[in-house]
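Structures are listed in the sections that come next.
Each of the two complexes below includes chain A, the first together with chain B, the second together with chain C.
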Partner chain A sequence: MISALKLMPVLLAWSGIAAALVRHVSGRRSVLAISCASGFIGGVAGGNLLLTLSKGEIVSSTVKSLTGTCFLCLWVVALAAFYRVTGSGGQGAPGEREKPYAFTVSCSALLAGLLAGAICVCRLAPQGGAPLLSLFVLGTAGVLLAVAAIGIEQYVPADITVTGEALLALVVSLLLFASSFTLQLDLFSPLSMKVMKFVHDFVHQFFESMLVPDHLFFRSDAWEYIGYLFGSGVGFWGGLLIWFAPVVLICAAIRLERLPTVSHIRQGAQRRKLLAAFIRERNCRLIVPCFAMLIMAAAVYNSLFPSVEYWDPKPVAVTMNDSGEIVIPKKGEIDLEDGKLHKYLLKQGGREARFMILSAPDGRLTVTLDACAICKPEGYGQAEGAVICYYCKTLIPLETMGRPGGCNPVPVPFKVGADGVSLDAMTILDRWSETVTTTSRIKGGGK
Partner chain B sequence: MKRLLALLRILFVSRAVTPLAMLFFLLLYIGIAFFSPEPLTTLMSITRNYIPVALVLALIPVNCAVRLAMEVRSLCRRRAVMKGATAKSSLDGLFAETVRISGTLHLAALKGRLESFGYSTRLTGTSLAAWRGISLSPARIFFQAAMICLFSGILVSTTTRVSKKVAVIEGEPFPLSSGVVERIRFENRRGLFLDRTLSMEVTGKDGARRSFGLYPPALDQGSFVYPRFLGVAPLIRFVAPDLPGGFETHFILMIYPPGKEDSADIPGTGYRIFFSMVKPTGGEDPFRSGRMTLLFRILKGDKPVKSGSVVIGGEFSGNGYRLAASEVRRVVATDLVRDYGVIPIWAGALFFCAALLFWLPVRLFFPRREMLFMEAAGVVHACSRAEGGRDRHGGIFLETLDFLDAGGTAAGCRDLPEDFL
Partner chain C sequence: MNDKSEGRGKVTDIIETRGLTRSYGEICALKPLDLLVPEGEWLSVMGHSGSGKSTLLNLLGGLDRPSGGSLWLGGEDLMALSQDGLARFRREFVGIIFQQHHLVPYLTALENVMMAQYFHSVPDEAEACSALERVGLGKRLKNRPGELSGGEQQRVCIARAIINSPRLLLGDEPTGNLDHANTRMIMELLKDLREEERFTIMLVTHNREVAAWGDRIICLDDGVLVREERTGR
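Coming up: the complex of A and B.
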């Protein structure tokens, strides 16, 4: 039941894709229905097979890359559309559009189906191993919903037309929306982080290349303004810009299409009729990209406020013994080997440090700070198969816990004895101070 | 050969070349970002080392230069046509809309009618030109010039930049031109962006004095002198139980502002000394005054053996270790940069500003709208184009055509309603 609820928005997105495809081609319903159904079933079966054979991370990163490639294609198409319209002085006669080839549309439906099916499987069981019955129900539901969407589509007003660019915008936005429900597939958060990294690198490189003096010589208020460029806000707003720009460009390309030439018509009424018809048709073509924009906004919302409940226990206060050690029993009130994240807080002489203990999937215990070496120390939460850095939203697979580098939590040396895990308190306090000092030096974290 | 020339023509003339080249670099950047933690520097390095990639970058300024020439040519042709100086054949590509109507022109009536709509007119023989607003051509020319400067600057900078790190030390020879660094001044002076000034005063062998400041960076023998960080060079004398003879030298320590740490090795002994500067409690800046206290930690291998502090002009001793700092000189870590792309990039930025400052008000408030009516062999050629306010202009153009169609009489025209279209 919960799985069905989890999958509902993703399946609805899939039915939206099928409806958009059939509206674009109009008249090849059976071919399209077969392509959609076979694509979706192939996606579900193939995705599950790969999830079973390999680690979940590989499949999710492949699906994520494919969705990202679709988004990149949307960018290229949007730029081309905008460029064509502005380059031709806004002339792009709607009547010149050709009917798409059945083969092209079938292939597109097949690919969209494959991707949507794989996204559904990743949502159903991110680590693989979904029961066959669930997969069968998922495949059947996907096929039925696609067929239903293709059937219902004919009741949508005929004025709402879907051009090639608008179709791509809608399909990609629905795929992004479907992906945003699964942490491992979400694209917006990594995009924001990449933008932040790019802006940081670009500003640094600009200063170097243009021989601009270092911050030592700068006015502090001027440097504060420059500092905004290194903040996470830039990543978020830059990410939003990149996220919405292709759909906005497609809307602009449609809106900027110049009115048809009516200079040769000498009857004013006929001229106005022709122009009014064109404007109405142009406005109707705007509906689908505008709808795609709303869906992309929903995907951003999902990414910012995921419905996933993170396991984030309140840190347990610990103290050191006379020999400066902290000893935490393996079993007791807290079972350190239950596979869950356990957080602890050490306070000593005005200093404090947060650390966490987690049993990795291979059974080894890991002890790390509740902070990484590059982000602000906002801590970690545990999701399915991974812990997430609250600051940069990077997912750290549980298998890599205890390893240093990147956004992984900073490991701390410890000993496992019969009575539990023992740690050196001063080492933890020193490592925490060192980490926090380093990351707070960089505005907005170091990513 | 013809095909090659046609291809080259497309490469140089097409509007698509610049966006496509930029798209190429964007895709390259995205591809690199998957595999490298430093995608921007990797992309720059690839552009520098692989000629085909540099050639793709070079396409942008070349394409922009050709487009600039075409823009100027188009501007000249349009001006000539509007002055009525050229034949009908030269109208191709100059206007967005051209209509042919049979009949004759009633130029005087048409002129009055267009003037009543606020157009300026010019009557020349059998042609009538009408226009309103200011052309955006200068903005387009500035824009293309900016693109040429910017991308040629980036290309030159990426492929030919040479940088060398040196330490400029008071009392020592200046690394480039022959001369000695007399003094390094570091002062508080509030400017538009900078809060402090730095000047490295150099006296040449001929006695001529020269000062190298912060920004704009001074040029010396074709290289920019780019001051980066500040440091000090104290004269340190170090004696250890296993080094009774001692060791004395000027250590170059990049430890300013206070809080930074730097280290120096005592060659052949395994000793390494870490230094930092004590943050002054008063308002006096240690770099400026030369009065400072150095904190130090002495390590032999990885093992700490002694730590303490020493004032410049003073000495520390304990457990057989002695560390004296008898004098200090100011140091500026400087990059000597030979880069011919810097000036074109700044020039590009200026051109971009000029283009924007021209384009924005003109496009919003005074967009250019033009009409041309020419009569030849009983056929009237009516041409129109607008850079903004297209709907209103198009309405007036259509109304004017109706007027011509009706024989240029009052019966054939009517007042335009506000919502003409």
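Coming up: the complex of A and C.
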């Protein structure tokens, strides 16, 4: 039941894709329905098989890359559409738009179905191995919803027409929306993180290496303004810009289409009637990309406020013993080897540090700070198969816990004895201070 | 266009009514009326106050719904049209000139004409200017109705009525508030425009002299068509 609820928005997004595709094709709805159905079933079956064989890693990254590729295609198509309208010559009135061959749309439906099916199965069982019955129900539900959507589409007002670009925008936005429900497939968080990293790297390289901090023409307060580029909003707003720009470009391309030539019509009222009909049709064509924009906004919301509940226990206060060590028993009130994240808070002489202990899937214990070397120390939560950095939303696979670098939590030296895990308190306090000082050095902190 | 096979008027009849009635409760403003008006004709409707002239005009202009009978305009059955269909019909088929002008007081003459364009399709300032120039108001484009004389206001009203190239121009006592000179000017303007645009005119008046500008005069009395005559024009 919970799985069904989890999958409902993703399946609805998939049925939306089917409905959007059928709007763009003339006749042959049955061929399109078959393509959708076979694509979806293929996606579910293939996705599950690969998930089972690869333990999730490869399939998630492949599906994510494919969704990302679709998004890039949307960018290319949007730029082309915008150039076609604003470039030399410009595009006149579209007149009677030719609908593409059923074959082209059917192939698109097949591919979209494959991807949607794979997204659904990743949502159902991110680590693979979903029960056969669940897969059967998922496949049947996907097919039935797609067929129902194709049937219902006939009742959508005929005025709402779809251009090729708008159709792509809608399909990609629905794919992004469907992906946003699964942490491993979400694209907005990694996008905003990349933007943040790019801006920070650029600022570092450009201002620190090329202009040298003590440059004569740079007053110190100039750095105050440069500091805004290091704020946490840079990644978010930059990400939003990249996220919505293609759909905005498509809307602009539709809006900037030249009006038809009517000078040959003698009667003014007839002339104006023709223009009004064109403007009305043009406005109707804006409905679909605007709707796509809403769906993309929903995907951003999902990404920022995921419905996934992270395992984030309240840090347990610990103290050091006379020899300056902290000893945490392996078993007892807390079982360190239960595969769950356990957080601790050490307070000593006005200083404090947070650290975590986690048993990796291979059975080894890892002890790390509740912070990484590059982000603002907002801590980590545990999701399925990974821990997530609350600041940059990067997923850290459990297999890589205990390794330094990137956004991985900073490892701390420890010993495992018969009694439990022993840690040097001063080392933890020093490493925490060092990390936090580094990541909070610049206004806004972190990446 | 009307269809002969259904036993109705000639194909060139733009107005066709069969047993058209309009009642307001107990009061029957228009008793069963049969009327055929060929395309391009100028028909004058005369009668005393309360004779049903304006009621007939409102029905033909799609401003009111008949109580009974049938009403065909330009081949379209007005009884069968929905509210939206009636609105489309009004903006594309009919132009109306009112005795009280009904111009928007805070809009200029040009804007008043452009407003009619807006509700029809899209505004076109150049075309609206040209329409006002045709009615002799080329220099009063930016004046508001309050800054225009009665005759000038009626000419703005005519420009507004013809801007969407209607097939049927209806006038409800368009010269009722005008003096003799202005009345003549308006009638000559309508005559010229009719020759250029070839629309059908139906003018309601109680002035015999104004009615004589038409091709045919019909007289209503107590909602009944009592007399019909050709003017010889």
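Note that the second predicted complex is superposed on the first by the 417 of 447 C-alpha atoms of A that agree within 3 Å, B and C clash if a C-alpha of one lies under 4 Å from a C-alpha of the other, contacts with A are read in each partner's own complex, and residues count from 1 in each chain.
Following the convention adopted for this analysis, a contact is a pair of C-beta atoms (placed from the backbone, for glycine too) under 8 Å apart; a residue touches a chain by one contact, two chains touch by 3 or more.
Fair warning: this is a prediction, and the values are worked out from it, not measured in the lab.
Asker: Just chain B (first), just chain C (second), both, or neither: which does A:Trp237 touch?
Answerer: neither
Asker: Let me test your reading of the model: by the given contact rule, A:Phe136 touches which partner, first (chain B), second (chain C), both or neither?
Answerer: Neither: A:Phe136 stays clear of chain B and chain C.
Asker: Looking at the overlay, what does A:Lys194 touch: chain B (first), chain C (second), both, or neither?
Answerer: The first partner, chain B, only.
Asker: If you count the residues of chain A that each partner touches, which comes out higher, chain B or chain C?
Answerer: B
Asker: Based on the superposed arrangement, let me know which partner A:Ala269 touches: chain B (first), chain C (second), both, or neither?
Answerer: second
Asker: Taking the two structures together, which residues of chain A meet both chain B and chain C?
Answerer: Correct list for chain A: 268, 271-272, 275.
Asker: Using the touch definition from the top, list the residues of chain C that touch chain A in their complex.
Answerer: 92, 117, 120-122, 124, 127, 163-165
Asker: In the complex formed with chain B, which residues of chain A make contact?
Answerer: Against chain B, chain A makes touches at 72, 76, 79, 83, 87, 89, 194, 197-198, 201-202, 205, 209-214, 216-220, 222, 258-259, 261-264, 266, 268, 271-272, 275.
Asker: Tell me, which parts of chain A touch chain C in their complex?
Answerer: 267-273, 275-277, 279
Asker: Using the touch definition from the top, list the residues of chain B that touch chain A in their complex.
Answerer: So the residues of chain B in touch with chain A come to 15-16, 19, 23, 27, 29-30, 33, 38-41, 44, 96-97, 99, 157, 161, 190-191, 193-198, 214-217, 224, 226-230, 257, 335, 337, 339, 341-342, 345-346, 382, 384, 390-391, 394, 397-398, 401-402, 405, 421.
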